[in-house]
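Letters A, B, C and D mark the chains as written, and numbering starts fresh at 1 in each.
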Amino acid sequence: MMARAAFLVIAGIAVAAALALVLRRNTVHGALFLVVNLGCVAALYLMLGAIFLAAAQIIVYAGAIMVLFVFAIMVLIPGKEETGPDPRRTWRLLAAPLGGALLLELILLVVGRTAAPAPTGAAPSDNVAAIGRLLFTDYLLPFELTSVLLLAAMVGVLLLARSREGSAEPQGAGPEASVRGSAKPQGSEPEASLR
Amino acid sequence: MSAYLPVLIFAVLIVAFGVVSLAVARLARPSRPDVVKLANYECGAEPIGPAWVRFPVGFYLVALLFIIFDTLAVFLFPWALVLKPLGLSAFWVMAAFIGIVGLGWIYAYREGVLEWK
Amino acid sequence: MIPESWYLALSAVLFTIGVVGVVIRRNPLVIFMSIELALNAANLALVAFGQRTGSPDGQALVFFVMAVAAAEVAVGLAIIVAIFRVRQRLSVDELSMMRW
Amino acid sequence: MIAFALEIGVGALMLLVFIATLVARGDDRRWVGWLAAAGTLALTLLALPLSPAPAQLGGAFVQDGLALFAKRLFLAATFIGLLGGLSLPGRPFLRRAGEYHILVLASLLGMLVLASARDLVLLFVAFELMSIPLYILAGFAKREAGAVEAALKFFLVGSVSSAVMAYGLSFVYGAVRTTSLAGVAKAMPDGDGLLILGLLAVFGGFGFKIAAFPFHMWVPDTYEAAPTPFVAWLSVTPKAAGFVALFRVYFEGMGTAVSFWVPVAAGLATLTIVAGNLMALPQQNAKRLLAYSGIAHIGYMLVGFAATSASGTAMVLFYLVAYVFGNMGAFLVVEAVARSEGSEHLAAFRGLAQRSPLLALAMLLFLLSLGGIPFVAGFWAKLYVFWAAATAGLYWLVLLGALLTVVALFYYLIVAKRMYIEAPPATTRVPLEPMLALAVLLCALGVVILGVYPKPLVMAALRVAAPLF
């Protein structure tokens, strides 16, 4: 009974935070609400006996991913966004009934299944070790692919997000205008003034 | 579930400590506000300008390196637990993983992301 | 014990909120956060389903989804930073190419 | 280990290119690209004599005939794509040649593994490894507003599809309680509602990647704004990888339960063919025209998919090969013309036949192949796909497809008319980089050889598709 009460409280906070993220205007508040939501999901992982995932959720999602979001917001300052009339308002209003229909369908399908009483999973103490064993035997290939993916992501992000080309070489690259200019000899003037 | 009961009690105690001590302080202290007392205190200087200050993109790039190596660190936990039973093969698998991601670190170093200007 | 269907219902609610957020918001950062919300709902459903089997393969899948999401977030935010640098505006509707 | 030879090869090549990037100095680093292209060629040649190997990693990774067929195609297409991109002008491609090729090779590695994946975990990770580098590559020319905006759109659509796919995978896992695709196939005949819904959601995720109709909106903008040799590659290889994964998930080992997918695939095929062809009609930009026509081609392949038979699958594989050569070739010619004229507008093609007869002839061959005119590869591809669908009783789908082929022919021939009938704005030859010319030549050879003598490839496709059913 207490577990059910705890679930309802956590689920309520999770849904409220999710709604706040979607409905509130302020981006920074949105990021904080997302952290709350992710923390609630981590608590639910704990209740499900997935200790390792709960820790990973906190470290990767609530820690690293949200730090990146907040840093991106600080770098961008979207500030007073989403002002003025919405050009696609009517189209967006359709989202509510569509979302409701989707939700109804999902819940009917999920709850309609006569779920057998769930036995508890493996004993929590060997949960992490069991995942580890799987990672280094059957899931060896996805494991190594993940490292390639992380490497590619790192290369790509440095490529896209850096403000100036060639910061490794002190006088390698000039200002932006010369970057454009070397690519297209004519007509670099208006583009240079864009920056 | 009962295993988490101490955690729950602890959490309740933490929240209660904050609420109770603030409430007691509010009841016990004298309240005589004036203009000087109500002014913002920011290291003695009046805060100027909006809080929305644009940060240089260098912060973001360091955060990015953090996220990559944070993910790597999470992979290390299950590895440490199964290293003994699985033996050297698991060691080399992890060495390859760290080696590949480590190349990215060398790339970041060479591209000058780690130099703070 | 909490029934599996409770977790699944919560996951459905969170996923729907995420999808609705993708449709109704105009700021790419918020759209992106909504996507992460939906992805988390998927993970929650996976863990809830995995509870009954007692085998860790469902949890391993969630773990990989998280690791992939980390890379995806890094790339996505880098694209948003790059776009902002070129255009100084950050609303989906103001990006002329974004009409669909 | 021999089962992983190609994956290890591509991974090692990527790391080699990475180290080359680390040591490269100066502003022109295109030699790294040569390294990548040469390595890809070597791996393509290495792939030819490989033979199927037993399943690895507890059945999660299979190197069967289908996987090998697909991998040879991916490697060859990547080689041609890299060849076309070697001489790309512009500062990002000189200074950042290493990064460009690292990302292409990372995506290629994802595709190779995707073709072999028989496990949901491996499938998801390989799918994302294929997709994420593509987002970055789409925004590679990051100083151009269009390129980054297109990358953002591509990325947002792609990550929504990943989330939908992950949710679908969770339902699939919930229904069968295992991550192995063999387990999914075994559970499919019971028709569990949760499993069906999960697989439909996963289909949506794949639909984004292969750009089927309701999920196609990223295609024209991304194609228009991204560097053309990359688009040539993007327009074919990830789609081929997506189709191979579709066969693995929805066909392999399902027995008679595959018939469930007929209405889904047929409906999607109808929408995609109609929408792709009709939206291609008014296009005046060559890249957008090819983008919409590419969507229509995905629809034709879905017709073969809807046949849900070994012959239908084999014909889609043949179609994919023909599409790789025809579509890549067309995009590479667009690149050559755009590089000389500075415009991708169809007007840039005026009188190309008088200026560069060979280039115009190659373009004509590609257009005829895409349009489905006899004795070029695309004709047989369309014919075989329609034949397979007719055998499966989908006559109305065949009729519709044939009808819209006429529409397609119309817009392809408009380009041909501009090249052959209209007067050229200048009489100078269109300059052609030797490597770009070689890439166009390889595509033209592929289109012609498959058109004249398609039998061996058809036989090979039939052979690799048979064990799926």
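The rule is simple: a contact is a pair of C-beta atoms (placed from the backbone, for glycine too) under 8 Å apart; a residue touches a chain by one contact, two chains touch by 3 or more.
Here the structure is a predicted model, which is why all the values come from computation and not from measurement.
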| item | value |
| --- | --- |
| Shared chain contacts [subunit B and subunit C, defined touch] | A, D |
| Contact-richer chain pair [C-D vs A-D] | C-D |
| Most distant chain from subunit D, judged by the mean position of its C-alpha atoms | B |
| Centre-of-Cα separation between subunit D and subunit A, whole angstrom | 28 |
| Length of the line joining the C-alpha centres of subunit A and subunit C, rounded to whole Å | 5 |
| Between subunit B and subunit A, distance of the C-alpha-averaged centres to the nearest whole Å | 17 |
| Residue list for subunit D, restricted to those that touch at least two other chains | 18, 121, 124-125, 128, 132, 135-136, 139, 142-143, 148 |
| Residue list for subunit A, restricted to those that touch at least two other chains | 3, 52, 56, 60, 64-65, 68, 72, 75-76, 110, 113, 131, 135, 137, 139-140, 142, 144, 146, 148-157, 160-161, 163 |
| Numbers and ranges of subunit B residues touching at least 2 other chains | 57, 60, 64, 67-68, 70-71, 74-75, 100, 103, 107, 110 |
| Arrangement of touching chains [line / ring / star / complete / other] | complete |
| Residues of subunit D that touch subunit A when the two form their complex | 4, 7, 11, 14, 18, 27, 57-58, 60-61, 89-92, 95-96, 99, 102-103, 106-107, 109-110, 113, 119, 121-122, 124-126, 128-129, 132-133, 135-136, 139-140, 142-143, 148, 193-194, 197 |
| Subunit A residues touching subunit C - in the complex, by the definition given at the top | 3-4, 7, 11, 14-15, 18-19, 21-22, 27, 30-31, 34, 37-38, 41, 44-45, 47-50, 52-53, 56-57, 60-61, 64-65, 68-69, 72-73, 75-76, 78, 81-82, 86-88, 92, 95-96, 98-99, 102-103, 106-107, 110-111, 113, 115-122, 127, 130-131, 134-135, 139, 142, 146, 149-150, 152-154, 156-157, 160-161, 163, 194 |
| In the complex, subunit B residues that touch subunit D | 100, 103, 106-107, 110 |
| Touch list for subunit D against partner subunit C, complex | 120-121, 124-125, 128, 132, 135-136, 139, 142-146, 148-153, 155-156, 159-160, 162-164, 166-167, 169-171, 173-174, 177-179, 217-218, 221, 225 |
| In the complex with subunit A, residue positions of subunit C that touch it | 1-10, 12-21, 23-27, 29-30, 33-34, 36-37, 40, 43-44, 47-48, 50-57, 59-60, 62-64, 66-75, 77-82, 84-86, 90-91, 93 |
